[in-house]
Each structure stands twice: as structure tokens, then as C-alpha cells.
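Okay, got some structures for you below.
Look at the two complexes coming up: chain A is in both, with chain B in one and chain C in the other.
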Partner chain A sequence: MSQPRYVADPDGEVRTVQLDGLALLFHRPSGMTHIVAPPAPQILEALRLGPADIGELLGRLRAWYDFEVDEDMEALEARVAELEAAGLVARL
Partner chain B sequence: MSGIEEKDGGGISAMPSRRTVLALGAAAASTVVTIRPALAQTAGSVLNCEIPVPGPHAGGQYISAEGSLVSPGTPGAAPPLSRPLTGEEVKALLNSGATPPGVSPQSAQAYANYIRRLQAGMSGFTCYASLQMPR
Partner chain C sequence: MKHQLSLRIGTVAFRIGSAWSAPIEALRQLYRDYPEPEDGLCDFTVRLEPENFLRRWIRPSVAIQGDYILPDAAPLSLAHGLLAAEMGMNLQMALGQKRFLLLHASTVEKDGRALIMTGESGAGKSTLAALLGERGWRLMGDEFALLDLDSGRLWPFPRAISLKNGAIRVMEEEVERDRFGPRLTGTPKGEIRHMRPNRRAVEAMDKSAVPALILFPRFGEAQGLRAVGQAEVFMRLTQASTNYVSLGRPAFDALTKLVGDHPAIAVDYPDTEGALAQVETLWGELAA
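What follows is the complex of A and B.
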């Protein structure tokens, strides 16, 4: 089974406002506002470097962050699925 | 944009000086809450809204395969539609590639790309935006 690859909308299409631990994202193409908690903004940031599958995405995040526990792909997949359902991430 | 504090600018070049611990969370936890604009409340009537292709500001212009406005008669470009597409037609076109009646598949793709590029303030944008609401 080939891994799906994901892509995030470019920076210019999403207005971000930081609110302490949360971020407000205004997605211009849909006119929707999303309140997101970590690790959602970090995932979007990593995806803006270019399309990636879950494994590559995990690698990018590992380069920037330490993980609390030995994080698995399943948790990251669930986070990306949420962003996809919200329309902030699309599958290629 | 303020971005994520450790690496404003979005590149890898600015490496965080202090490594942040990131929790991906339990698979069941949710990290995204979506606020839908008020127009989403009219979901029942969304499919009856209309999108002119192109909008009245660009009457007569053709639509390139990429969805941008081009001069009438440009080779490979689709002619303007004589009637606006309904929300229902646009939804079918964007989701499954279903071609509206009387439209060639190639032109339909150009119209779909035009619609995807609509911005706030352009005719048809609110209709398009409301079609994008998650179920």
C-alpha cells in the first residue's frame, strides 16, 4: 500500500494569530476559522516545506522538536486526518 | 506573521536554540476546532446558490486551463458560460469531476480551476466557500 502524501495551503492563504498556547487560523479560501492546539500548527509548518507522507513528516518534526514519549506514526496520522477534515491539509 | 516562535519564517535554517517538546497526543484527542462562518447556517440553500464563470467583472473573457482570465479566442481556453453554474453543479464538478450539462470535460476543468481560485469579494466566492464546509 503506498503512503498518501499530504500538502498544506501556502502561508499566504492562512492568516495565523497566536494566542498563548493556541493558534487561530483563518483559512482564506474557505472563509473558515480554526482554533488549533499543538501539534497542529507545527504539522502545518512542516508541511509547508513541501508535500510529505507521514514518515517524512515525522522526520521533519523530529528535526525541530523532541517528543514527549516515543511517538508513533499512528498518532501523527490521526492529527493529520483532523487537519484534512478541517480543510487545512489536502491529500495529493 | 508571527509563526511558530522557534522558527519564524518557516525555514529549517533558523534552528531552534531551545528544543521544544512536542506531544502528538493520544490518537483519540482532537486538536482542531472549526468555526464556520454564519453563511454555513444556510446549508440547506447552499446548493441553490450560483457562480458565474467568469464573474460580471470579466464579462466575455475566456478561462485558461489553469483557471485564469484570458482574452477571448485564446487557443485552448474555455469560452465564458452563458449561464451561472449552480452550487449543486459546482459541488459535483469539484468533488467528482461531473461535467455540467452542455459543457465539454476540458472546459469543465478550466471552469473548476477558475472557481478554485475565487477570492473574497469576487462574484460567486461566498457560494464556493459555503460549498467547502465540512459535512
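What follows is the complex of A and C.
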């Protein structure tokens, strides 16, 4: 079974402001404001490069940041699921 | 309407109409130094009407009507007509104001810079602002801070200060008698007495100020200070806003700038005089 692939809204649809190490996001399509902690902003940034499954997403994040491999897979899935529930990430 | 009054509070013009003369006379007295709307145009209309035909005379009961209404709002007795008018004006602002981000906060100004105080009902923001307004600061408003979406400046809205319960005596000892409205007892919020802001506040009602410091006062606690993280400040101010969601992106931009550019402190205090001294100290350290 193929892995689900995820996509995030383009940069222009989400206004991001950093305050105190947290990111405030204004999501234009929904009009909602979100307050998120790392690695959520980094996940959104990586998904803006194009659709990706969890493995590809982890690869992108590891290229930028210091991510452990195995144990992060599950944690990353959980973070992406939270962003999906918040409407900031969609499944293709 | 049979009885009417138009007046301007800061940049906002109201027309208040009433089926009875008493609430309009009380308002006219309370707001006697306030200007009429320029060019006669009003932003908001408030109407005080009988709950039904007979209730104009028999146990008169005031329903608040206007451009914006809360359909389930309970009517007030005519003895509380002034309160109904004030509530009606607040309601129009809270639901209808589109030019400013409205924060449920009091603001006072010194040297063109504004102190914002926000907190839950009973936290003392209104009383502190009223007292500071008599002791060297300019009162900009005790109920709503109006944040300009473009410039980030704060605009005054110096309506009559709504003093509740213990705060009434505190201000009666501070302020001349003719600035008070009638004592309203047995209202849904306990005892209420309105107080007209002083001449300085009224004369400067067109003068905006730049924000400088945000405080979250809390009355009745042991004295304590805590720096509040910016994300928490942002969250608390969105909760304190009546129109953040409806204004969308401009409100997000204005509020993130306000929070990002200014310090915010939670102030717990056991007594009002101590709080005033604390405010002056914080202002000297953080804003001056």
C-alpha cells in the first residue's frame, strides 16, 4: 500500500510571524489563527517544496535540520496528523 | 423616536433614541461636555424601546435595539435605563466596529504614549485607569482600546466610566460630585455608578497615542509581577478582542506588531494604591 502524500498551502496563503520561539500563523483560506511550536513551521516549510510522503518529508527536514532517523518517523507522522486536523496540511 | 441624543465619543458618533425621556436626560447630563457628531452623521444607533406596547407604562421595561442586537438579551427596568443606553452603545461598538481592532481593555496616556491594561471583569483595569486619569495621566478609555489597523496607534474612546460596587466609593473620594450619574442599584452587575471622564480626557478625545506597555492587572492577589511571553500575550489579546476574527488578516498583522514591539507584564495586587505605585514604577522602567 502506498504511503499517503501531503501538501501544504503555498507561502502566500499563510502569514507567519515569530514571537518568543513560537510561530503565529494566519491561514488566509480559513481566516483562522494558529499558534504552533517547532517543528510545525519547519514541516510546513518543507511541504511547500511540493507534495511528499512522511519518508520524503523526513528527508527534506534532515537536509536542513538535525533530525534523528528512526524514532522521528513516528513523531513526524503525529505532528503531520495534527497539522492535517488543524487544516494547515492536506492529504492528496 | 420621541426622545433623542446624538454625541461623539472619540472618533465614534452615536445616536441614542428612547421611548422615555429619563434615560436620555441622564445621558445628556453625564455627557454634557461631549461634542455633537460632525456633519450630523452617526456611526451607530441605539434605541431603547418598550419590551411590548403596554410595558411603556406598566412596570416599564427597556429592550435595547439598534443596528446590531443580541436577540436573547434580557430587558432592563426603566430605573436602569441609563445602563441600558450604555450597554447599547458598547454593543454597537463590539459587534459593528470595523475601523479598529477592539480590545476589551482600558488605556491611559502620558507624553503621547499609551499604557494598555486588560484582564477579566473585576481585575481592576477600569478602576486603575479611572484613578490614573485623575493623577497625571490622560484617560483614553476604560472599556475599549481602539487599535488602528494601519498605523498601529491607539485612539481614545473616553465614554463614561462604569464603576461597579467597591470602585464607586474609591472614586467618590477622589472626584467632584457633579461628574457622577445616578446610583443604579440591583442591576445584573450589582451596584453601578457612571462617572464622566475629566475635562482633559474629553478635550483630547481626538488625540491618538502610540502603544508603549501592556499590563494584565489582577486585583485581590498577593503582590507579584510576571513577564508574559509574547505568544501568551497574543492569545490573551485575541480573547480580549470583540472583532479580531471578523477583521481577518489586518487584525492579525496589527496585533502581532503590537505584541512583538511592546513589553507585557502581569501585575497581581492586593490593594489599589499599591497597584498605582507599581504601575508608575513599571512605566518608568519599561516605557519611559
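Everything that follows uses one rule, which is that the second predicted complex is superposed on the first by the 88 of 92 C-alpha atoms of A that agree within 3 Å, B and C clash if a C-alpha of one lies under 4 Å from a C-alpha of the other, contacts with A are read in each partner's own complex, and residues count from 1 in each chain.
Here, a residue touches a chain if its C-beta (ideal position, glycine included) is under 8 Å from a C-beta of that chain, and two chains touch if they have at least 3 such contacts.
For clarity, every value in this text was computed on a predicted model and none was experimentally measured.
In the superposed model, A:Leu19 lies in contact with chain C only, and not with chain B.
If you count the residues of chain A touched by chain B and by chain C, you find the higher number for B. Using the contact criterion defined above for the overlaid structures, shared-chain residue A:Gly31 touches chain B and also reaches chain C. In the superposition on chain A, contact of A:Leu83 is made with chain B only, not with chain C. Shared-chain residue A:Ala75: touches chain B; no touch with chain C. On chain A, the patch touched by chain B and the patch touched by chain C overlap at residues 15, 17, 28, 31, 33, 35. Looking at the complex, you find that chain B touches chain A at residues 1-7, 10, 12, 15-16, 19-28, 30-37, 39, 116, 119-120, 126, 129, 132-134. Residue ranges on chain C touching chain A, taken from their complex, read 229-231, 234-235, 238, 244-245, 248-249, 252-253, 256, 259-260. Across the interface of their complex, chain B is touched by residues 11, 15-18, 28-42, 45, 48-49, 61, 63-69, 71, 74-79, 82-83, 85-88 of chain A. Listed in rising order, the residues of chain A touching chain C in the complex are 15, 17, 19-20, 22, 24, 26, 28, 31, 33, 35.
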